[in-house]
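Listed after this line are the structures, all set down as structure tokens.
Both complexes shown next keep chain A, but they swap its partner, so chain B is in the first and chain C is in the second.
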Partner chain A sequence: MIPLYEASSQFHNWRFSAQNLDQIRSSLNAAAVGVIRNTFEADQPGSSASISFLNPDEELLLVRLYASKIPQLCGFFRFPEEVEATAVSYLKRFYLKNTVMDWHPKNVMLTALFLATKTTNHPIALDAYANNIPKTTPSDVVDLEFLVAQSLGFEFAVWHAHRALWGIWLDLQSLPDAPPDRATSQRDVYEAALKHVRSSRLSDAELIYTPSQIALAALSIADPELASEWSHSKFPSESASIPHLDNTLAAIRALIEAAANPQDVEVVRAVDLRLKICKNPEKVVGSKAYLAKKAEEERKAEEKRTRKAADAPPTEGDPFGDELAGRLVDYDDDDDD
Partner chain B sequence: MDAVEKANAERQKRWVKDQKIGEGTYAVVYRGREASSGRQVAIKKIKVGLFKDGLDMSAIREVKYLRELKHQNIIELLDVFSSKTNLNLVLEFLESDLERVIKDRSLVFLPADIKSWMAMTFRGLEFCHRNWILHRDLKPNNLLIASDGQLKIADFGLARDFADPGYKMTCQVITRCVCAAVGYSRDSDINHGWYRPPELLFGSRYYSTAVDIWSVGCIFAELMLRTPYLAGESDMDQLNTIFRALGSPTEQDWPGHTKLPDYVPIGHFTRAPLRDLFTAASVDALNLLTQCLIYEPKKRITAKDALSHAYFFAPPYPSHPSKLPKTSPPVNTTQPLDEIDGNTLSGKNNRKRKLSSSTDETKTRSAVARRLDFTKTTPGS
Partner chain C sequence: MAANRMNFLQGKTVRKVVAGGHSRSSSTPQLSSTSTTIYGGGVKDPSGRITEYSSEDDQCPVCKSDKYLEKKLRLLVSSCYHKMCESCIDRLFTLGPAPCPICNKVLRKLAFTPQTFEDLGVEKEIAIRRRIAKEFNKHLEDFPSLREFNDYLEEVEDITFNLINDIDVVGTEARIAKNREANAAIIRENARKEAQYALTLQQTEENERKERELRAEELRREEEEERHARESGKREIIDRLERADGKNASKVIRETRKARAEREAGKKGGPTQGALMRARVAATATVAAKDVPHVPFQDDYYAYQDRYLLQPVYVDPVSEAVRQDREGIMRAGGYKVEEAWERALRFAVAGLDLAPLGDTIDKGGDVIMSTA
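Presenting the complex of A and B:
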């Protein structure tokens, strides 16, 4: 029987190596720059030369900034930790399929959080959500919901490190030589470790490591001895796995500690300003490129409808059409209702 | 086109919708196929644009859980794609469901058949529970039947996870709540609370896997009786019906139940032995049934323990799924149920059965048939 986690969509589709992540982000960035450059050029030849596009690292800075806003919003709405952690995962996963030059992380963050309330079974009415966020309309939130769900591959279940930490904490209390009052006497260690788990959310850790590895690394920052007490209870002593585990934990600790440093807001603000100029004009409602794209989409849809009508068998006699069973074209399948 | 849109368009092209087979307010179900292989599928199209809060909860739950659960006795979600404002779930095509099988008076169930359906139900449910997922809406028409006889748990629109013990949950589940989406094989317009456990009827907010076990108990009884076992007409009547059948619970049977939020004292019924109603059931069958219908949720049997219950190891052994009684494939699936009832096409199956059945089985069958005669004439038997 395989462990539950190894049957999850997270295990199968959302774990990468650090190099993998770099590649994905670079190629997304390069593709977006190419498309946007062409769009500018189509509008006015030579106009793209002066634009300074974002590089993958700059994109990541912005994503991280907006990921760090999620806990604030969750605090305001009093959403449980599961909502917060899920929303952050969604935001990070989204930008492994899209770039910030197409979709600004502010909007995606709001949508990801709203979607996370639903997928974790803590739904809130759209109006109540949007009305409590400055300068945000309900449509700002739901317009992107489909795109976000699609980008996630409709894989809504996320395995979180804070749950794994809770499991390790319970384990520690039931070890044979655990002090009987550990639940209270060492509670502060658990709390400290939880803080490190929260910091890890702003890093790539969850895209590279398993929730339990991250949880153990967080615990090892808070109390190395307790962490090793737990790992020794899980692995036989002299196990070859222990040194290997130590290397993994060290790598995660480095990610967590780097993520705990606050971002230089001025640097990120400068990136955000540049984004205003280099973002994909096709995604800016009302722009020339946007209108051109919409017109093209409408033309294609019209073509499809005409084709469909032409393919339909000619009906004769009965003005209400033939029997349903014999009809191959399903008009209800127009998908625009 | 964005990479994500492109990927979606690619997915959409893999599937072809052929014929509408069911329609509800918020969803349409089509029979379809995989373009490359011709494999039959069902495509459930949910009209998301109609919901003012975006993607609706039942669609989200169904997608969330079916994306993770892959098991022989759970319906397989093959793909998800969107088309404009619609969400399309591509599910494996399953031609029948247990409700249709139960209602098909031309079919005769052997004890081994019932055992086989129960084993498959518990296997699928044990897998849900092992994955920390409560189904919360088990009933015969959510147990679908594949053409090879495999039973598959479907409709996860009310499911939820229960990783936090003691976490407050809603008690408005199990078919008395508003299910907007259509059932998978046909419109689920019948919203009975017949399969709801008493703790939910009393408004308990801290419930567990035991809620699903109660439902399975009700289904087990229904398979033996061929008619719903605890068919109340409202929440209040449901409790009445349960207590009339199983006796009013005492504080000893179910400590603390009088403190539940919606507790109301209902009558003083004494417990009649199950044997009086289930005259033909084996001792093991009755023991398992009893353990599924224990009032105190904590004492109810778990799916895992049920799978190793003596019932499943005593003869007769469960029928092979391919040998189970089947409803004949309906000519037109949108046909109302009543017209399918009494269909004699599958009658030859029964006759074959009768020749090979032992006296013990014949006794069971006649006992069941006699019971059925109360409610309806049975053209097949």
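Presenting the complex of A and C:
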């Protein structure tokens, strides 16, 4: 019997260790820098020496900035929490397969949010979506859609921490000595915990820990006693799970508190300015490298077509086979007279 | 034509055939029907009758009489596949076995059969095939592999071909005899099985026929009763109208109809047509119950059922609006707040004790995307 969470794509493909995340990001960054440097050199030798490329942490800063824009957009469109959380997850997952220098997070963020509205069953018309976002056309949103979906491995289902928090809040009412009006009288505790869950979305918490652990950590910031009461009701007191769970919760609490600090916008803006120079020229429409790449792709496609045409078997003759030779068939012998 | 009428009275169908034209037509019995015929001569059509072949240019090869001279001319076929008219057969074979006037093979009177096909070759082939099918009646189940069964079929076809075309008749007969000896038990057993199968088929058919008759009878009786009831109802209305002079006529009619409808509703207790049908289906279902029931795909997941206890109701401000929404404007079809609660509880306990990963898994393969 596989537990449901451990059967999910989130558990299988989107669960990492902290070191693992660093490793992935730096190798992606190194690969992208290598490719872009070569492109610049091919265009104009020696031109790449003066460019300062982004490092993995700076990329992460940008991603986090645009992840924090998603709640604002969701507030404007009145999307439910589900959409917001899903879009943030998509954005973070996308940048574990791609780099900021290839795809600017502003566009990816818009696409991820649009995709999330569809995958969480809160669809909105593309025109209504794009028209309400300044300087955005429908094609900006949908052009990247397949790329985003492909990067996500078409794994659209996400297990969210806010739902786990709701579950914990409901389950608190099942505790043996729970006050009957806890849900209303201690409502501020729930609101505070939900706020922490929201700030956890800007961190890497969901890529490392399970949604229930994040929700419990958020609750333990808001009301440590309530959280430990609930977690002790779930595990027998002498169980080995408790100390290990406490360590996990402490780590998540640290992540949440770090993510709750607002970003220094000036720093991010400086990074964004540098990105304008060092982004992959092959992805900038109209540039020399872009045209060269298009021509190369066209050439490859043409080559493939000709090869395919050459490989195809000759199609002369009757596709239904040759006539049966020497076979006497009495065509008059019909059976219906 | 008088001859036709006579033949019709004798229970035979005579086909008029245009001279020189194709006489093998749709009236030719289907070969498939031969497999169950037991009678050696002639081929039965699906209704079990033998359609005899005859044509206007029939001529007895022995006495040279033809339809023109002898309206009742009927040609029969000998076991050596030569045709003769009935009077010649009477003349030659009444006194016992005698040689065939054409090929000198010794024949008996009883060995003559009616002709079914214009082409006597077909007639012969069918007779041979029928005989071979009795001798070689092994099934796929009697062989260890498909390959051996196919070899067996090949051999059977070989023997059949030899017999039909008179190639090495003696040797082929020897082969048949050898097979008969070697597989006597299996042949007997298979023959018994086939006979039994034919019997069951017959019984099933018979049962179905009886049941159909029963149903028709039932239906007829019901109709009769209904008609009777309608008539008596009409009479009742007229009687009442006669008696109730002062009362409103339409009121009387209404009352009487109502009373009758009530009576009828009370009567509908007995087994109806539908009930009979259902009983029949249930009876056949017991036969079909031997089939293994369809098991839908069942996945083997643990949904944390023992980790939480779903309460019948929660104090839950989050879902208050949905729960108070009586018209279901906010709910899609089938939405139950209990299910949403249960899902949330499941999320709350799912993977709670899962340790985070160490840095063991290498995800380096995913880097490829960035160069795209």
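Here is the rule we go by: the second predicted complex is superposed on the first by the 316 of 337 C-alpha atoms of A that agree within 3 Å, B and C clash if a C-alpha of one lies under 4 Å from a C-alpha of the other, contacts with A are read in each partner's own complex, and residues count from 1 in each chain.
Operating definition for what follows: a contact is a pair of C-beta atoms (placed from the backbone, for glycine too) under 8 Å apart; a residue touches a chain by one contact, two chains touch by 3 or more.
All of these numbers come straight from a predicted model, not from anything done at the bench.
J.: Based on the superposed arrangement, let me know which partner A:163 touches: chain B (first), chain C (second), both, or neither?
T.: A:163 sits against chain B and chain C alike.
J.: Considering only touches as defined above, state whether A:123 meets chain B (first), chain C (second), both or neither.
T.: In the superposition, A:123 contacts chain B only.
J.: So in the superposed three-chain picture, is A:31 touching just chain B, just chain C, both, or none of them (first/second/both/neither)?
T.: Both: A:31 reaches chain B and chain C.
J.: Going by the contact rule set out at the top, does A:154 touch chain B (first), chain C (second), both, or neither?
T.: first
J.: Given the touch rule stated above, what does A:7 touch, chain B (first), chain C (second), both, or neither?
T.: both
J.: Is A:97 touching the first partner chain B, the second partner chain C, both, or neither of them?
T.: After superposition on chain A, A:97 lies in contact with both partners, chain B and chain C.
J.: Looking at A:114, would you say it contacts chain B, chain C, both, or neither? Reply first, second, both or neither.
T.: In the superposition, A:114 contacts chain B only.
J.: In the superposed arrangement, does A:146 touch chain B (first), chain C (second), both or neither?
T.: First partner only, chain B.
J.: Name the chain, either chain B or chain C, that contacts more residues of chain A.
T.: The partner with more contacted residues on chain A is C.
J.: Looking at chain A, which of its residues have contacts with both chain B and chain C?
T.: Chain A residues touching both partners: 4, 7, 28, 31, 97-98, 102, 151, 163, 332-333, 335-337.
J.: If we count contacts the way the header does, which residues on chain A are in touch with chain B in the complex?
T.: Going by the criterion above, the answer is residues 4, 7-9, 28, 31, 97-98, 102, 114-115, 118-119, 121, 123, 125-126, 141-142, 145-147, 149-151, 153-157, 163, 324-325, 330, 332-333, 335-337.
J.: Quick one: which bits of chain B touch chain A in the complex? Just the residue numbers, please.
T.: These residues of chain B touch chain A: 2-5, 7-8, 17, 19-20, 28, 30, 45, 47-49, 52-55, 57, 60-61, 63-65, 67-68, 70, 80, 82-87, 130-131, 160-161, 163, 332.
J.: In the complex, go through chain C and note every residue touching chain A.
T.: 22, 24-26, 300-304, 307-309, 311, 314-318, 341, 343-361, 363-364, 366-367, 369-371
J.: Which residues, counting only chain A, touch chain C once they are in their complex?
T.: My answer: residues 1-7, 11, 15-20, 23-24, 27-28, 31-32, 35, 96-99, 102, 151, 159-160, 163-168, 170-171, 173-174, 180-184, 187, 208-213, 215-216, 231, 234-235, 241, 244-245, 248, 251, 332-333, 335-337.
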